[in-house]
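In the part that follows, the structures are each spelled out as structure tokens.
You will see subunit A twice below: alongside subunit B first, and alongside subunit C after that.
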Partner chain A sequence: MTHVVTANCDQCRFTECVTVCPVACFRGDGTRLYIEPDLCVDCGACVPICPVHAIVDSFDLLPDQEVWLETNRTQAKLLPNVRERSTPLATAAQRQAALGY
Partner chain B sequence: MSVRPTFAIVGAGPSGFYSAEGLLRAVPDCEIHIIERTATPHGLVRYGVAPDHQKLKQVTAVFDEIASGDRVFLHAGVDVGTDVTLAEIRAHCDAVVLATGSAVGRPVGVRGESLRQVFTSAAFVGWYNGHPDHAALAPDLAVSSAVIVGNGNVSLDVCRLLVRALDDLEVSDIPEPMLKEFRGRRIREVHMLGRGGPGGVKFTFKEFRQLTDLPNVRICMPQLGTLGDDDWARVGGPDAVRVVQWLKANAMAVAPSTDDDGRLVVNLWFNVVPAEFLGEGKVSAVIVRPSASRERAADEAAITIPCGMAVSCVGFSCKRLAGVPAYSDTGIIENHAGQVLGTDGRELAGLFVAGWAKRGPTGIIGTNRADADATVQSLLKRLPRLLDDSKSRSGGDLWTLFKQRGIRTLTHADWRVLDRVEKTRGEARGKPREKLLSIDEARAALRAPLAA
Partner chain C sequence: MMVKVKDGKVTRVEGNPSHPFTQGRLCAKTNHYEERVNHAERVLYPMRRVGPKGAGAFERISWQDALSEISTRWRGIIAEHGPTAILPYSYLGTQGLVNGLTVGDPFFNKLGATVSERTFCDSAACTAYIMTVGPTPGMDPESFQYSKLIILWACNMLSTNAHMWPFVEKAQRNGAKVIVIDPVRTKGAQLADQHIRIKPGTDAALALAMMNVIVNENLVDQDYVDKYTVGYEELKAHVQRYTPEFAAEETGVDAQVIRTLAREYAATQPAAIRIGVGIERSAGGGQLVRALTSLPALVGAWRKTGGGILQLPLWAFPINWAGLHRADLTPPGTRVINQWHLGRALTGELPLDKPVQSLFVYNSNPVVVAPDQAALLKGLSRDDLFTVVSEHFITDTARYADLLLPATTQAEQVDLMFSWGHFYMTHNAQSVEPMGEAVSNSELFRRLAKAMDFDDPFFYRDDEQIMQDSMLWDNPAMAGITMETLRATGYMRLTMPAPEAYAPHAEGNFPTPSGKVELKASMAAGGNFVLPVFRQGSNDHQDGSPVDALPTYHARHESATKTPELAAKFPLSMMSPKSHAFINSNYPNIKRQFAHQGEQFVMISPGDAAQRGIGQNAVVKVHNARGAFTAVARVTDDAMPGVVVAPLGYWVDKTRSHATPAALNPTAFADLGRAPTFSDNLVEVSLA
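And now, the complex of A and B:
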């Protein structure tokens, strides 16, 4: 069990999640974030705070989202820790509206 | 003589550590003293998070990392308000952050609550987690029926612990003396009393699912046939939506039934509040009446539910601390964005608050990180003036103060030893740790770590 950052983070990168993660398990590059599954303690604090509902408990993943489990695991191993909130991407507002949030 | 900025944080729980983390990052040359009442750090993660939620307890690794810096000092075993006053702590520091939580269980406020076997969640959860304040609670679990008042995650934790298979509890970190009581458990049914309807539940679906997943437990809704559409209609947040979906999807399974299939039964009651606990000396039943949320309340009679124990999980409030000027009606320390306010609404220079003492008992562990950060931001805004004002600080350091009072504090290095001792003791029993239950046990373990 873990939590994963899914497709909705693309073009958004709101980073609200990192402010509430008790174990600082978010990793990322300039485009989006991932969760390091070996650090995540499944507290779920990041789920309701994401403006675009990008973070999902692995238990609740839809079949077409399952791929994000492996993507989070592999990318998190390669990328640096993201601990502080930063400005969302320029495309974030548009993407949020497109997603219906 | 220039002194480096010195901060004290009262309370070594999540919001205390996250306040320390924020201050360390923002004020590179500062010194931080975390003062803790009990013998050990980690606060509610050690004493509040359920003993079968070990993964969540791994968050303590982050706290230990924060505390391991050479500018952070843990002083455990110091009760601010008893051993030293808050005023004294403030006189020794540039700013103080109160991260003292909400340690006091809120009573329901009905007759019979002082009967034996009626507990607040603070006491009962504290007991099974080995909190030194509650280790002597001695509840009798050899009863067939238990009542839980409240519909939040604390209620579900208590419920799950009461019904969960013993094999699962044996590998949790419930301390041995408490586990012994669980081994003698005779509970056949638990009644959870919710003030609102099914859509008004305050617990998360994730926590609810852990209960429904237990193979030895059957969820039942005694009022299933009598709840009207309006009872189902008022749905709170997204978690309540999923709980309602689950209950509807499992309507057949949760319907009242007289068949005994051997499983323990958890009865979910809705739109009810306890009116009175009955019993001679100890509780034997609870009378519940329709809550105000029920429109047809007037037609409905009170129900008597027999029970051998009851736990009220209806909230917490702060333990009063001398030197804190004002508490709100809801039991939190009056503050503006973490800056503590006086009775006149004016700021108390250098006194801040974070976590549950600041916002009330809401949210989950991670919520305290953002919360503590907001308090740190408030503090930083005022820091230049605070440093200016305290150029004339009375001097002396906290070590000297504690020494003068004859208080022997436990350090974070001591905790590292105790942590190893507890884990070693646990390993022998197949448990993550066997907790030391008092400051005396902790001191004994420090004198002879291997003998423990």
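And now, the complex of A and C:
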């Protein structure tokens, strides 16, 4: 089991999460982040810190979010490690407001 | 942990971002502690068994009836058989100086019940450590960030000590080499710079071969050794037999890898070693820790911050153990039963002067954590055994209770905590009122004292007084720390140098009889012993068997060389380490944790699996002469060839064949401290 980054990260990429991850298990490209499930230790530290509630314990995934399990696993294997915080995407504020956070 | 409460109910828990050690993180075990507190299956009222033992059928009764039944039964047993016919059984399912390890000790010591020897965790390691360096805090876990070389030896840090990892990782980012020595390819092993896979139970050969290289290649810090150790010349002669080639044969680690490890360890200072609890769980586990605790002195690792060894931060805390145990109340000579022998003690297989007539279990679930599961279930089924269990849930053990008593969780009680993992005192504030008629352990023992007509006011102290009495407040480590300040902040670091300045043994000052690191241990002369902290404060009936004064390799009890017939039948070595999502037997009944951990499984290497026709996720039977359990096979290189890994904690009633690794685990002791030998265990695996 693992935690996963779900749809809310799209157009945001806030990256607060990478500052608290004890095992540096975030991977990503310029658009969003993913969690490497084989490294995630389920500490949950990243969950409350995400401004758009994008990170979910796999146990809590809704049926329509289940797809993110495999997406995170696949993408994390392909993409580089992200461990430094960076500026959110230009669309982040708007997206955050749209999501109601 | 910060607990969020709404309308008198725990709604959420979070880490505390201001805490320097935990830094806002909890873990896979406790992230959703509210689900434990509010669980629909909590035991909330005293209950009496209505069906056969083990069926788990109970009816609600009043506290008054429960206490009256206990006192009537116990008075009868005491009159007929004497008080030692009553056996308490507990450990650390609940933590804290008020409600944890010692909460029932004064009561049972006063009652004159059999003393329960609780050598669950680190008993061999503690005995070995005390013999070598004395009860020193050792390294500050936070100081690992300043280390240049870190060895995590038998420590699955990301599953069992996750809050320490950031300090290790910081050192690694600053250029330190991180080496994991473990049969299992743990998450930590994957993140380390080097993973040395070692056959279970052979680590002492590796440690002693490191010494062999260090003394023979003149890698010793002679000045440190001369000033701050005793027995060096004898040790030097003694370790000549432990050549890298000898160790390679025993451990499966290449001799050149051993040489390089020894050279790097000696040359890269400050070097740090962190050992895990599982390290002691084989025939020679105690002497292994003697060797590991000797290593830092040989290379002068203690000289600088970030060098030395971390066994348990426990020793940093000035705890009033005598006041917590009250062993002075124990009738002299009271018998002692080791908890690993519970099954045999109940069935009568263990020679006893009189049988156990009543068992009182709290803070523990022995059916899952103790070995010899089949004997234990047989013993618990005895109709003439009066069993009382205080619990949160109807556990595998609670199913056998005649009386079941409701216990509060950490959120429903107040406590004061020392730590097994860092140097901070913690105040466990009460977040909500007890659920139903649940009571804290401290209140349970106040009620029992009253039921047994104890008149000493000591037994009626409130929790506030127990907290006040539990620490040695005038110790320098407690300077500036009061209950008021603890209540205000939730936690306080012991008064000691900051992590960047902490080098307690830069100039010796070891709390041993000689004041030095005892490479040759003077305490060995007294024979094997268990620290009184693990036996209700008692020092009676100690083991006393001979102990090597110099660190010595003892091969496994069960191996191809020592027990070839057994190895022919059961060629695989089994380990049953802690589960990532459980704390021992806590949490397997919580859906979230069970989902994270998965159904009971056994890790097996691809080669071993193929040889047995076992495919990925096949249902297999793991068995030896002691018992069998069924599990799902995880075929993975994370298990090394010849070794299978079955994490523990699963409840019997949630498994396919109503058995867990405890069914196979041996009752034999390690060489020191009567630690268990669960990693010294030959088994076979076949398709179920």
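Keep in mind that, in the parts below, the second predicted complex is superposed on the first by the 101 of 101 C-alpha atoms of A that agree within 3 Å, B and C clash if a C-alpha of one lies under 4 Å from a C-alpha of the other, contacts with A are read in each partner's own complex, and residues count from 1 in each chain.
Everything below uses one rule, namely that a contact is a pair of C-beta atoms (placed from the backbone, for glycine too) under 8 Å apart; a residue touches a chain by one contact, two chains touch by 3 or more.
This is a predicted model, so every value here is computed, not measured.
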| item | value |
| --- | --- |
| Fit or clash - subunit C, subunit B, common subunit A | clash |
| First, second, both or neither for A:Thr19, with subunit B first and subunit C second | first |
| Which of subunit B and subunit C A:Ser86 touches, first, second, both or neither | neither |
| Partner chain in contact with A:Asp57 - subunit B first, subunit C second, else both or neither | both |
| Touching partner for A:Ala45 - first (subunit B), second (subunit C), both, neither | both |
| Subunit A residues contacted in one complex by subunit B, in the other by subunit C | 1, 20, 22-24, 41-45, 48, 57, 59 |
| Subunit B-facing residues of subunit A, complex | 1, 19-24, 41-46, 48, 57, 59 |
| Subunit B residues within the subunit A interface of the complex | 14, 18, 55-59, 61-62, 204, 206, 209, 238, 363-370, 373 |
| List of subunit C residues in touch with subunit A within their complex | 14-15, 23-28, 31, 158-159, 162-163, 165-166, 169, 187, 190-191, 580-581, 591-592, 595-598 |
| Touching residues (chain side subunit A, partner subunit C) in the complex | 1, 20, 22-24, 38-39, 41-45, 48, 57-59 |
